[in-house]
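Take a look at the following structure, please.
For reference, chains read A, B, C and D in written order, and residue numbers begin at 1 within each chain.
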Amino acid sequence: MTAQDRLQELRSQVDTINLQLLDLLSKRAQIVTQIGKVLEELGGEHYDPMREAQMLTALEMANKGPFSNETIKALFRELFRASLALEEQQSRAKMRVQRKAKDERTIIQLPNGAVIGDGSFQLVAGSCAVESYEQIDEVGAALAARGVKIMRGMAYKPRTSPYEFQGLGEQGLQIARQVANKYGMAVTSEIMDQSQIPLFMDYVDVFWVGARNMQNSFLLKALGKINRPVILKRGLAATLEEFLYAAEYIVSSGNPNIILIERGIRTFEKWTRNTLDVGGVAVLKLESHLPVVVDISHSAGRRDIAKPLARVAKAVGADGLMVEVHPNPPVAMSDAKQQLSIPEFNDLMDDLAAPI
Amino acid sequence: MTAQDRLQELRSQVDTINLQLLDLLSKRAQIVTQIGKVLEELGGEHYDPMREAQMLTALEMANKGPFSNETIKALFRELFRASLALEEQQSRAKMRVQRKAKDERTIIQLPNGAVIGDGSFQLVAGSCAVESYEQIDEVGAALAARGVKIMRGMAYKPRTSPYEFQGLGEQGLQIARQVANKYGMAVTSEIMDQSQIPLFMDYVDVFWVGARNMQNSFLLKALGKINRPVILKRGLAATLEEFLYAAEYIVSSGNPNIILIERGIRTFEKWTRNTLDVGGVAVLKLESHLPVVVDISHSAGRRDIAKPLARVAKAVGADGLMVEVHPNPPVAMSDAKQQLSIPEFNDLMDDLAAPI
Amino acid sequence: MTAQDRLQELRSQVDTINLQLLDLLSKRAQIVTQIGKVLEELGGEHYDPMREAQMLTALEMANKGPFSNETIKALFRELFRASLALEEQQSRAKMRVQRKAKDERTIIQLPNGAVIGDGSFQLVAGSCAVESYEQIDEVGAALAARGVKIMRGMAYKPRTSPYEFQGLGEQGLQIARQVANKYGMAVTSEIMDQSQIPLFMDYVDVFWVGARNMQNSFLLKALGKINRPVILKRGLAATLEEFLYAAEYIVSSGNPNIILIERGIRTFEKWTRNTLDVGGVAVLKLESHLPVVVDISHSAGRRDIAKPLARVAKAVGADGLMVEVHPNPPVAMSDAKQQLSIPEFNDLMDDLAAPI
Amino acid sequence: MTAQDRLQELRSQVDTINLQLLDLLSKRAQIVTQIGKVLEELGGEHYDPMREAQMLTALEMANKGPFSNETIKALFRELFRASLALEEQQSRAKMRVQRKAKDERTIIQLPNGAVIGDGSFQLVAGSCAVESYEQIDEVGAALAARGVKIMRGMAYKPRTSPYEFQGLGEQGLQIARQVANKYGMAVTSEIMDQSQIPLFMDYVDVFWVGARNMQNSFLLKALGKINRPVILKRGLAATLEEFLYAAEYIVSSGNPNIILIERGIRTFEKWTRNTLDVGGVAVLKLESHLPVVVDISHSAGRRDIAKPLARVAKAVGADGLMVEVHPNPPVAMSDAKQQLSIPEFNDLMDDLAAPI
């Protein structure tokens, strides 16, 4: 027999074993599914690490090679994981934030008629912080003139240092509400603790969870119990998986109306404040049905690239962009380098209106 | 005149100007100090961005080169910053967490007599989570036998997914308290929301703020109002500066007894769960008087390098280390790969006892 | 005198000192400029750290507060840096790769008539590696049919492991050249060592420097001596500043025809292979006159987001994009997950043709 | 039958299937091993992606659930990978740089009698760059007085900017050799291109590959052909796996005498120049038999934490440390902030001599 022939024969033996393995794997999966049902009757957890440890020990003792025990255990651990996934998939919906059908979409309606997530491109805009009525009124007028429907009205500022400006508090919420009403806009404002929910219910259309609170699970769960939309910002070093799980905390607690914001991740690069993860936005739009907005202010930290980043937000298929606008950026109490002046904002809007 | 002579002469002109500049800078600083005092009388903010903008404009208009307006503004902005720092330093203590004298130390006494921050090397140890009384009792006995004084009693687990084990809750706190009392240990447990403070006061000796909550300023401020020590964990992508400012939130709210934990930062490396920032620990010990503890479990995410990392914690001058211990790591409900078994823990203690 | 009046008076004193400081700074800058000229006559370095150390010591000795010696030294160090920058700017052109006029552009002409950098949007496409004539011919035909003018013809593959496929070598270059000639395309191929230059001159229209060699200064300088364009890839953890300096190595050695490629940077994110730094592309287009191309294959590492990333490349103002295409991606010898099949490539081209 | 009984029975069915799977996996592995031998006779590659694609298609067609095709393919891909690993392990040594026996060690002898890798703790020290004979002589005398055996003699400096000091070149090598001979030390110097090998053979005892060249495979392979030890520095964003593979390039080309240096990785942290990956050092010592040295100068970028980091290097089990020493750090032509003065170096040596 030639080497080629032997190769042929050995390979057909492998093919046979492959099918036998498949057969056993399928049988095993069916039984495991039944186990899952029994466990549910018994009220137990599907995931039983002790049982897994026993099975691995039994396999280790039976293994005579040529695979090492390490390899055998690794292969079976993969199988356990697949089986567990199968059970979880069958007994419980998968992650609620994940896209099931290709065109599934969460579409969010705001009281002022604005819609986000329906394929349109929405702007969320306004000053980094509410500093005075005059400031917000001036910005609000400019935004309204360009059709912006959702205004930032930040009254509580999470700051790195306790000695930095922490926001105007309730007075800031009042100002934002007043201006928004005047111009027919919705208000979004950052909530920093679940104890603030009743206060915010009086002023705010869209709750905002900042990057520092992305994994504040008590706050997330509490926001799952209200019936207003929530903007959830990606943590500055959160993976996309962690980001979606944070949204899942809210959604699984009862509130499906979540808007994700990508705001740049922390890297070693120094010429931009953060690194806008545009590939991440593309992946989020692929994996999730939630609207995704691109924050072109915090991600860049510099106003001179606002225009190309706004075009990028549109091009990648995001549902909108977030941009900071201030009547006089150099004297802003925070984020002076990245806020646009009103003429710069108008310029950006003109640029966005043109096809790319 | 030779080139060398001309060089000599030009340089001496520069020397003269340097001293004139110094003289003006000092005069300016004195006046600015007086301005600070007047502003305090008037109840105004030291930092006045509008005033800065005016001064910069005046300089820009007066500038005839050769420095560009950009450069002049950059130089004066540095000067403004230095002046502001001077005022802040004079009117208010600098950051309270910063070391002023070379041997300044925050020494923390626990009710069970344990002391941390006095130059001794303390262990904080215990299972990742309280799963049952038996488990904690078994671990507690092993820890006590090796002289450990501070036990983990984690009852609320911050998890990436809402579907993962979230801890036993109050029952977990009860178990931890009971076991700690039995063996004369202090209990530390992670608090996740300020609403839990009253509950934790009943069970816990040392409050623990996790990495995800490092910048939860509402929680930090609330912990500044209690009279129990707080362990503060570095956020997974927090800079050292942000870490110290987070501690400052607590200290400036009234609670000086903070223990910092370095637990590894997030990087691209995959063979360890995180990257233990040992240089960061050295810098923290240099810059701050607070005790610093090294978490050798979460930083590595693998138990096979626990021993060298424990030696590292001692060598870098940390005030202690944090290590997870479980009676049966492979079946632990969380962090299975990184928890030490009891024999492994004993082995680690033997290794640590030997001089390096 | 009221507090307000005193404030007014103190502030006007500060204004006067500001102008005196400006005057002294300008005088000092003029003298330093003269020193620079003398130093050039003498053949010395502008930067003289010993001289700086002496000046700082003199200032330290003269300083009587209220600024600390630290602050005074920091302020003067800023001044030294500004002075040095001024000298450098005057005696030598600034970085050659930096944009001086707003509309300055490096426009590169290839022998086959393709032009890059003139405002058009060019495609650089082809398989990750040359594996066979048939493969490259099939891809080449597909590319040519869609008007692609620059083809990848990778014959030397930099691989992490010495045991992975290292490329076909000269045979690969021959195949690429042959196919490119057949379809009227230009060939680009990665050079890994300066000793390969003569060989590459026989086959390649555009030299390609990979991410791993971005700071191989011997190779960069050698490529500065040839008269063919060079594509320079950003290192996987290079800052934008380092990237531009790498280009400067080539340009300052004599070759102005450099094309920059952003290919994603290394971060902690796992759902994409790298993180496409789209903000970095915007900054590069702002700061430099060199053409910038976006690599949508390596940055993402997954073909399912190729379309949105291609639109992003166009939207951000890049001069083109780089995409990998393979007749049968699942069996490709490298980068199987990210290469597009020919139908996927055609689909991408259709998508790109539509306005965004 | 009770739920508990049914659970019991279903679980015993799973146990049976597990053993059947194990049996099939072992049989399959034996056949695959035979296939590997036949392939070697035939001169083919073990890894055959086309064959894998065929097998996956066959399984997909045969799969009737309940596992999805995705899951089945994922499980079999794991199996293919395990099989390939088995073949590779059997037909070829695994990575040569990996530790096989627990106490395996590469011990390197230098011509001056110094030994590294034998469990002793060696110092590699000297100025960042050779600037003059006087400077190196002064440092050399100080190092020799403290028993240092390996001296830095850096004559070619890889610099970010082409306009920065690039080293003295051959003159620098001459100076280093002369001083090393005077004090009985070995010289190590950074080589930047394979064309420099003959020159370096005249002057240098230990070749040094810098971080920027860690993946310059042409240089690595060329250094595999010489019979002098090589110090290989980890790239600034290289994973440990990439680092070991870079060493493997040299070792697999014939030169087993490699010393690894961890020099800190690039992260977002700003208070240290890089982040010393001490956990990485622990992992390298576990996984590889090569000596590992800790660079306490570049990793920190600040001399004020040199002492604790030196203790860390010793504590983690490294084979030595690398530290930069300069007669007058503030005026050094490079790395001014991190080089130790001679008194600081002596202080460090005293500190290191004490037990921790």
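We take it that contacts are C-beta pairs under 8 Å (C-beta built on N, C-alpha and C of every residue); 3 or more make two chains touch, one makes a residue touch a chain.
Keep in mind that what you see is a predicted model, and the values were worked out from it rather than measured.
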Query = If you take the chains that touch chain A and keep only those that also touch chain C, what is left?
reply = B, D
Query = From the centre of chain A, which chain's CA centre is farthest?
reply = D
Ask   = Taking each chain's centre as the mean of its CA atoms, how far is chain A from chain D in angstrom?
value = 37
Key: Rounded Å distance between chain C and chain D, as computed from the means of their C-alpha atoms   = 28
Inquiry  = Taking the mean of the C-alpha atoms as each chain's centre, how many Å separate chain B from chain D?
reply    = 31
Query = By residue number and range, which residues of chain B touch two or more other chains?
reply = 237, 241, 266-268
Ask   = Any idea which chain A residues touch chain C in the complex?
value = 237, 239-241, 264-265, 267-272, 275-283, 285-286, 299-300, 304-305, 308-309, 311-312, 314-317, 355-356
Inquiry  = Looking at the complex, which residues from chain D come into contact with chain C?
reply    = 49-50, 53, 92, 158-163, 192-195, 212-213, 215-219, 221, 236-237, 241-242, 245, 248-249, 252-253, 266, 330-333, 336
Interfacial residue positions of chain A with respect to chain D in the complex = 3-4, 6-7, 10-11, 13-15, 17-22, 24-35, 38-39, 41-42, 51, 55, 58-59, 62-67, 71-72, 74-76, 78-79, 82, 85-86, 266-268
